[in-house]
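After this come two complexes, each holding chain A, first together with chain B and then together with chain C.
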Partner chain A sequence: MRYKSRRSKLFIVALLFLFPLLGLSQVPERVPKPDFETDYIRPDFLTPTPRATALEYIDIGVLIVALFLATYFAHKQRSRQNIFLLMVFSLAYFGFYRKGCICPIGAIQNVTYALFNPAYAIPVFVIVFFVLPLVLALFYGRTFCAAVCPLGAIQDAVVLKPTNVPGGLAAVLSVLPYLYLGLAVLLAATGAGFIICQYDPFIGFFRFGADFNMVIFGLSMLLLGTVVARPYCRFLCPYGVLLNWMSRLSKRHVGITPDECNNCRLCEESCPFGAIKKPDEAAPPANREAEVKKLAFIIVLLPIVVFGSGWIGSRLEIPLSRLHANVSLAEEILLENSGQRTELTDETKAFRASGKPTEELFAEASAIQRQFKVGGWILGGFIGLILCLKLINLFMRRRQSEYYVDKGTCLSCGRCFSYCPYEQVRLGIITPKEAEKMGSKEVKIKQFRA
Partner chain B sequence: MIDKTSKKPLKRRDFIRKSLHAVAGLTIGGLAGILFSKSSSEEMVWQLDPNICIQCEKCSVNCVLPHSAVKCVHSYSVCGYCDLCSGYLQPGTKVRDTGAESQLCPSGALKRTYVEDPYFEYTIDEKLCVGCGKCVKGCNSFGNGSLYLQTRHDRCLNCNQCSIARRCPSQAWNRVPASRSYILKGDEKKKFLKS
Partner chain C sequence: MAKQAEDNRRKNRAKLWYNIAKRIAIVAAVLAGILSVLMIVNYLQTKSVDPMNSKAIAQLMTQLQENPSDTALKEQIRALDLLARKAYFIYQWQIRTGSYLLFAFVLILLLALKYMSSLQPRLPDLSKSPEPDEARENKFISRKYILFGGLGLFILAFILGIISQTDLKNIGIVKTKGGQGAAVFPSIEEIRNNWPGFRGPEGIGVAYHTDVPPEWDGPSGQNILWKTPIPHPGYNSPIIWAKRIFLSGADRRTQIVYCVDADSGEILWQKELNDIPGSPERRPNVTEDTGYAAPTMTTDGQRIFVLFATGDIACLDFEGNRIWAKNLGMPDNHYGHGSSLITYRDLVIIQFDQNTGGRLLALKTLTGDLAYDQPRDVEISWASPILVNTGSRTELILNSNPFVMSHDPQTGQELWRVRCMQGEIGPSPAYAAGMVYVVNDYARLAAIRLGETPDVVWEYIDDLSEVSSPLATNDLVIMAASYGAVTCFDKKTGERLWIQDFSEGFYSSPVLVGDSVYLMDVSGVIYVFKAEREFRLISQHELGERAVTIPAFMHNRIYIRGEKNLFCIGD
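After this line comes the complex of A and B, so read on.
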C-alpha cells in the first residue's frame, strides 16, 4: 500500500467515482503522502499488549490451590465455614477480579471448537481449566462447585430460605442441563457461537454491565436463588452435567456422617439442593419381578425413543442453523435477490461490498445446514438416551438402609455435616452415647424387617 | 451403604463402578491429550479486521464495557495530513475551522494540529473516543483510510465470546494469537509484525 509516486489529479478524481465499485475492503491511497520540509516526526503508534500470558499461569496456580483447599476443607476438615470463606475468595478472584472469564463452563465450547476447527489453537490454560475440576470430581466429588466456581458462589451467597423442589418437577427440570450442554456443543462445533457465554446470567454482575435482558435474567436468577438454592447449577449448568457424571464414579465422596448413620433423620431437610436421599424402604420380593419387567420394557423402548428424538432433533435443522451467521446471511441474500425484500441490511450490504460470490456463500450455508442435520440427529438421540437412562434410574433404586448423599448432585458444600450427631461427636460437642440415643428406632426396625 | 438383599449384586455393581471409573479417567486423559496436541501456549484474543469493517457503529454500543474497548487508531504513515480532512470535518463544511459543529467526531476525540503548510496532523484522544467509526467512514470515503477501528487490548477484557463479534454484520472479528493482537495498516503494520 505504500507508493512513492504521485498520481495525477485526474486519476484521483477517477478513483473517487470508482470508489463504490472498488468496495470497502481495500482503500487505496488517494491522497499522496506528504513530504515534510520541517523536521516533523510522526508520532509513535501505540499497541498496548493484552494481559500477559504469565498471568494466565497465575490463574492456573490459583485454581489448583483453590481446588486443593476446597477438597481439604470438605473431606478432611469437614468445615462448612472454611468452604464458605474459600467460596467468597473465589467469587472475588475468579468472579469480580477476573471478570468471570475464562471459566470451565464456557471452556466446554472452546474445547468443542478446538476439536472441530483445526484453525483454532486452544490456549493451554483453557484446557487446564476444563480438565482439572473434572479429574478432581472423578476422585473427590464436586468440590469445585462447593467453593471454586464463581457462578456457583454468587448463587450460594444468596441462598436465604431454600425450599424443596417437588421430586417430579426436579426430575423434569434436571433434563434441561443436558439439553443446554447438547445445544452448546452443537453450536460451538459448527462455529455458530458460544451460547453459554452469551447467556451467562451472572457475568454481567462481575463486569458491572450487561445488556438489559441479561440484567433482568441475572437478577431473576438471583431472586429465584433465594428460595430455590442455586437454580443455575441444578437446572441449567452444562458443566454440572459432566461433573455429575464424574462425581457419581468418584472413589471418595463426602458423606453426611463422618462415621455411621443411625437414621436419626436430623439431616433430612438440611440439604438445600435436595441431594440427600432417604433410606429406601426395601421393596418386598414380589415386586422384584414386576420391576425387572418394567426395566426390560424400557430397554426395549430405548432404541425407539432414541431414534424418535433423534428424528425430532434433525427436524430442527433449519431453525437451529439460522443461529449461524452465514446461514442467516444467505437467507437474507436470497430474500433480496428474489425481490421479496427491498431494504438492504448492514449484513447484506457488507456482504455485497466484500465481492464474495453469492454461490460461494450459498454453498457454505448449505454445508453448515448439513452439519446441523447430522448434529440434530446426535443431539436428539442424546436427549432420548438421557430420558431413558433417567427412567431406568428410577427403577434401579438402590436399596439403602441409611441416609446418603446422591453423589451426582451433591455439591460437597458441607451444609449437612453439622446436622449429624456423629459429626457432633467428632467435634466433641456430644458423647457417642448421646448420639446413639438420637437414633430413630422405628426407621431401623422398618428397615430390617423387610 | 450396605446392600442387605444379597452380596452378589454388590460385587457386580462394584466391578461396574470401577470399570466406569477407569473409562471416565481414560476419556478425560485422552481428550486432554488430543487437546494438548492442538493447543498453543499463547492466549487467543479478539480483533477486528479494518479491511472488512463497514463502520456500522455497533462496536461503540455492543461491547460489554460501558466505554467500548474499540477505539479509532491512526496509521500516520498512511495519512495524507490533509487540510480538508474528510475524517475530521463534516461533509460539506466550507470553513476549515475546528469548531465543534463542523467536526465529524461526536465526542471531539479527534484532534487537529498544524504541522506545516498545508499539512495537519490528526491524533485521537482515546479517553474521549467512543469507537463509533464516524471518522473512519469519512476517512475511507475520500482519504487514505488511515483512520480505522481496533479493539485496544489494554481495555478489552477478552471475553470468551466477544459480544461485538457475534453482532458484527460484516464478520470482521476473529480470534487472533496474542502476539498478533492488532491488524494494522502501512508502516505501523510492518513495525508491529517485526516486533
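After this line comes the complex of A and C, so read on.
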C-alpha cells in the first residue's frame, strides 16, 4: 500500500509541476486584432494559436515524461489503473488543453510535406512528436497508444461493453489505415492538404467547436466506441500503421503474463482490441499441399497485383487531384469561363481579384494532376502490396502453443494483466498453487473480487 | 457470522451505489438526449437564417438598386440586417453553450456507466471449449474477406477513375513539336484569305477576294443568294472564316453571338452571353445609333472573340462553346463602346478608350489572361485599331484625340505618337505603303509618314469623315463624309483629285476590291467606282434596307449586314 501511495504522490507532484505551466501565455499574435468601440467580444480561435518556443519545448518534455511513465506503468508496474490515470492526464493536456495539436498522427503530414517541399521549414518539435513514439514502439511496443495519445484516450474513456469484431470483417477493416495513410501522405506530398487533421473526428470535442458533419462523425465514432473499442485507432489511424510496424520489431513488448502461460484461457476475451491470439495450428492442415500451392501462387502474382493496382491508382489522378485547392479552383474557373456555371464562388472571386493569370493557374493545376498520377501509381501499388502481404500472412502456418499478444495490434493498455493468474500471484492476491489450478470457478471468483 | 454480515453490508452498499449511479446515468442520458435534439434543431435554424443569404434583405437590396436615394428603404435594410445578425449570433451562443452542457452531461453519463461497470465485473466465459480448427477457420474467412474486399476496392477505384473527367486537359493548349503548350494562330495568307475582323484582314479595308458579282438588287432579289433575319440588333459587321459567318447582337437584356452558314444562310447556332463573371447588373446607357453590340467581332481561325458595350468580352470556339469570358469593367462611354477587336498572333487587342481611364488591352486568346494593359493618356474615341507591317516591324496603330499612336502589338510598348487629332474620334486609321491616314470631323485628314520620326506630311480640313474610315490605295486616299461627300486625294501630296456628292451620307467605310472601291451609304445603296484619279462610277446597287456596316468579300460573294437581315450576294 505504501508503495502505491508513494507512486500516486509522485504522479500528483508531477501534475502539480506541469499544470502551472499551462497558464503561461501564448506567443503574441503576429497581426494585432482590431479594437472595437462597441461591446463586441472577439471570439477565440478554434485552432490553437502559435506557442512560444519555450512552451513547445515544454510540450516535448510532457510528451517524453508521459511516454516514459506509460512505458513504466505498462512494463514495470503492469498497472492498468496508472495507465488509465495517465490516459486521463493526456486527454486533458494533449486533448483539451493543447486542443489536439500537435499530435504525432497529424505530424505524418508535416514530415511528408517537408520531405517534398524543401521550402517548408518543419519545426523541430513536430519532428520530435513524430519520431519519439515510433522509437519507443521499436523497443517497448505501442505504449504511446496506451496512455499518451489523446485520440486513443477519448475513445478508451467511452468503452463500455466491448464486443469482438468478427475476424473477417476485422481483416478487411485493417486495410483502411493503410489506405488512409497512403492518401494522407499523397495529399500532403502534393500540398493538397492535411486530411488527417481535417477529418480528425475528435478535434471538435477538444476545441468545443467544429463543422456539424465532423461533430456527427465524432459522435458516431464515440457511440460506436462504446461497443467496438477504439474504432478509430484500430480501423483508421494512419499513425497506428507505423506504430504497428515498429512494435512488431520490439523485443521488450509487454506480455499478458509476467511468467509462463499455462493456457488457463482467463485472458481469452479480456482484450477489447482483439490483440490476444490463441494457441493455434498445432497440427498441419489436412490440405497442406493445396495451401502451399495457393501461397506460392500469391507470391508469384504479387508483382502483377502491385503493378495492376498501381495502374488503377494512377487512374484516380482526376478525382484525387480535385482535393487540391488549385485544381479545384482551376476547374471552377473553367466552368465559369465556359458558362457552365453562372454563380461565382468566393474562391473564384478572390482569384479573379488577385489578377493572377488563369493560364498560370491551369498550368499549375496540370502539373499537380501529373503529380497525382505518379502518386496514384505509388498509392495503388502500396495498397496492392499490403493486400498481398495480408493474404500471405493468412497462409503462413504458426506453431504457437500459448496465448500471446499480437505485437502489432496490442496497444499495451494493460487490460489483460489482471486476468492472468500469475499476475495475481505477483501482486500477492493468490498463491502459486491456486494459480496452477486456474480454471476452477472458485479461484476465478476470488481473483476477480480481489 | 460477523464475516457474513460484513459481506451483506458490503453487498448492500454496492447495490445502493449501483442504483445511485444508474439513476445518475439515466438522468444524464435523458438530459444529453434532449440537449442533442435541441442543438440539432438550433443548428438547422441557424442554417436557415444565415444573414449573408437573407432573401428578404436581397429583395430589399434589389429595390434599393432601382431607387438608390430611398433613405427609408436603407434604414429598413439596416434594421433587418441587424436583426438577422443578432439572431444568428444568439444561435451561435446557444450552440456553444449547449456544447459545454452536452460535454458535461456525457461526462457524467460515462463516469456513472464506468462506475456501474466496475461494480459488476464480468467473469470470463470459459463454458465453451475452443474449437480445434477455430483459428484455421478464422484465417480462411479472413482470406476471403481480404480477397473480395480488395477486389471491390479496386473495382470501385477503377470505376471512379473511368467516370471522372476534367476539362483541364482540354483547355486549348496545342502541343507543338517542341512539346511546349502554345496557341496556334493563322498565317498572314490565311488571314487575307478570310475576313477575320472589322474592315477585313488587318483592318485596313482591303479585300483579297476580288471576284465579285457585277450585278445585284436587293428589292427584286437579283443575285441575292440568301437573306437571313438577325433577331438582335447590332451595328457590328459580319466576319467570316472559311464557311462560317459570325456576328453579334445585343439589347439591354441579351447579348448574343450568331454563327451563320455562308452557303445556306442558316443560323447554325446562337450563343447567349448574359452570365459573364463580373458583368454589370445595370446595363450602361447607350445611344440608339451605337447600341450594345457595335464592336465587330474577330477571329484567329480557331476561336471567335466578341465584345459588348457592357465591357463583357468572350471567346467561343467555332461550335459556340464558351472557352473563356470576362468583364473588362463597364466602359465609361456616353454613346456606348464602339471600338472593334483585332487579333495579333496569340493576342486579342482592345482599344478601350473611355472618358476616364482609357487603356490598351491585350488578352491571351487561349485563356483570356491579360497580356498587357497600357494606360492611355488620350480622350475617348470609337475608332478601331489596325495592324500594319511596315517592312521592318508590325505596328498597331490607333487613332485618338489628340494623338495618333503606334504600339508594338506583342508587348503594348508605345513606338511613336503624333499629335494631330481632336474631337470625338470615330474613323479608324488607313494605311498603305508606309503612310498612315487618319481623319476626324472638325479636325483634319492627316497623312503621317512612318520612319524614324513619324510626322504629318500633309493635311486637309474640309469634307471630313465623322464615322466612316478612310481607305488608302497605292496612289489614293478616299474618305466619305456622313453628309454624303466622297473625296479622293493624291496619297503623296494631299492634292484633292475629286469630290463627289451623294444623296445619302456614309457611316460604312470604303473597301478596295481589286481596282474598284465599294462604298455603301446609310440607305443601303452600294456605289462601285474605280480607284482612279478621276471619279468613274461603275455601278450602284440597292440592298433594300438601311445599313451602316462594312460589307465582307469572300469567294465571289458579298456579305452585308443590313438593319434587320444578313444578305449574301453572289451569282
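Structure notes:
By definition in this document, the second predicted complex is superposed on the first by the 380 of 450 C-alpha atoms of A that agree within 3 Å, B and C clash if a C-alpha of one lies under 4 Å from a C-alpha of the other, contacts with A are read in each partner's own complex, and residues count from 1 in each chain.
In the analysis below, contacts are C-beta pairs under 8 Å (C-beta built on N, C-alpha and C of every residue); 3 or more make two chains touch, one makes a residue touch a chain.
Fair warning: this is a prediction, and the values are worked out from it, not measured in the lab.
Once the two complexes are laid over each other on the shared chain, residue contacts for A:E347 go to chain B alone; chain C is not touched.
In the superposition on chain A, contact of A:N337 is made with chain C only, not with chain B. Shared-chain residue A:L138: touches chain B; no touch with chain C.
After overlaying the two complexes on the shared chain, residue contacts for A:C420 are found with neither chain B nor chain C. Of the two partner chains, chain B is the only one that A:M246 touches; chain C does not reach it.
By the touch criterion defined above, A:A325 reaches chain B but does not reach chain C. Touch criterion met: A:E402 reaches chain B, while chain C stays clear of it. Of the two partner chains placed by superposition, A:L187 touches none, neither chain B nor chain C. By the document's definition of touching, both partners, chain B and chain C, reach A:G209.
Residues 208-209, 448 of chain A are contacted both by chain B in one complex and by chain C in the other. Against chain A, in their complex, chain C makes its touches with residues 43, 96, 99-100, 103, 110, 113-114, 117, 121, 123-126, 130, 134-136, 138-139, 141-147, 149-150, 153-154, 157-158, 160-162, 164-169, 171, 173, 181, 273, 275-278, 321-326, 364, 366-370.
Those residues of chain B that touch chain A in the shared complex are 1-5, 17, 20-21, 24-25, 28, 31-32, 34-36, 38-45, 51-52, 54, 56, 58, 64-66, 73-82, 115-116, 119, 121, 123, 140-145, 152-154, 156-161, 163, 166, 169-171, 175, 177-178, 181-182, 184-188, 191-192. Remark: chain A residues 1-2, 16, 19, 24-27, 29-34, 36-38, 40, 42-43, 45, 47-51, 53, 56, 99, 101-102, 106-107, 109-111, 114-115, 118, 120-125, 127, 130-131, 134-135, 138, 193-194, 197-198, 203-204, 207-211, 245-246, 249, 251, 282, 325, 345-347, 349-351, 353-354, 398-402, 404, 448 touch chain B in the complex. Interface residues of chain A facing chain C in the complex, by the touch rule stated above, are 157-158, 160-161, 166-172, 175, 179, 205, 208-209, 212, 265-270, 278, 280-281, 285, 308-309, 312-313, 315-319, 327, 330-331, 334-340, 342, 344, 348, 352, 355, 357-360, 362-363, 365-366, 369, 380, 383-384, 387, 390-391, 394-395, 419, 439, 444-445, 448.
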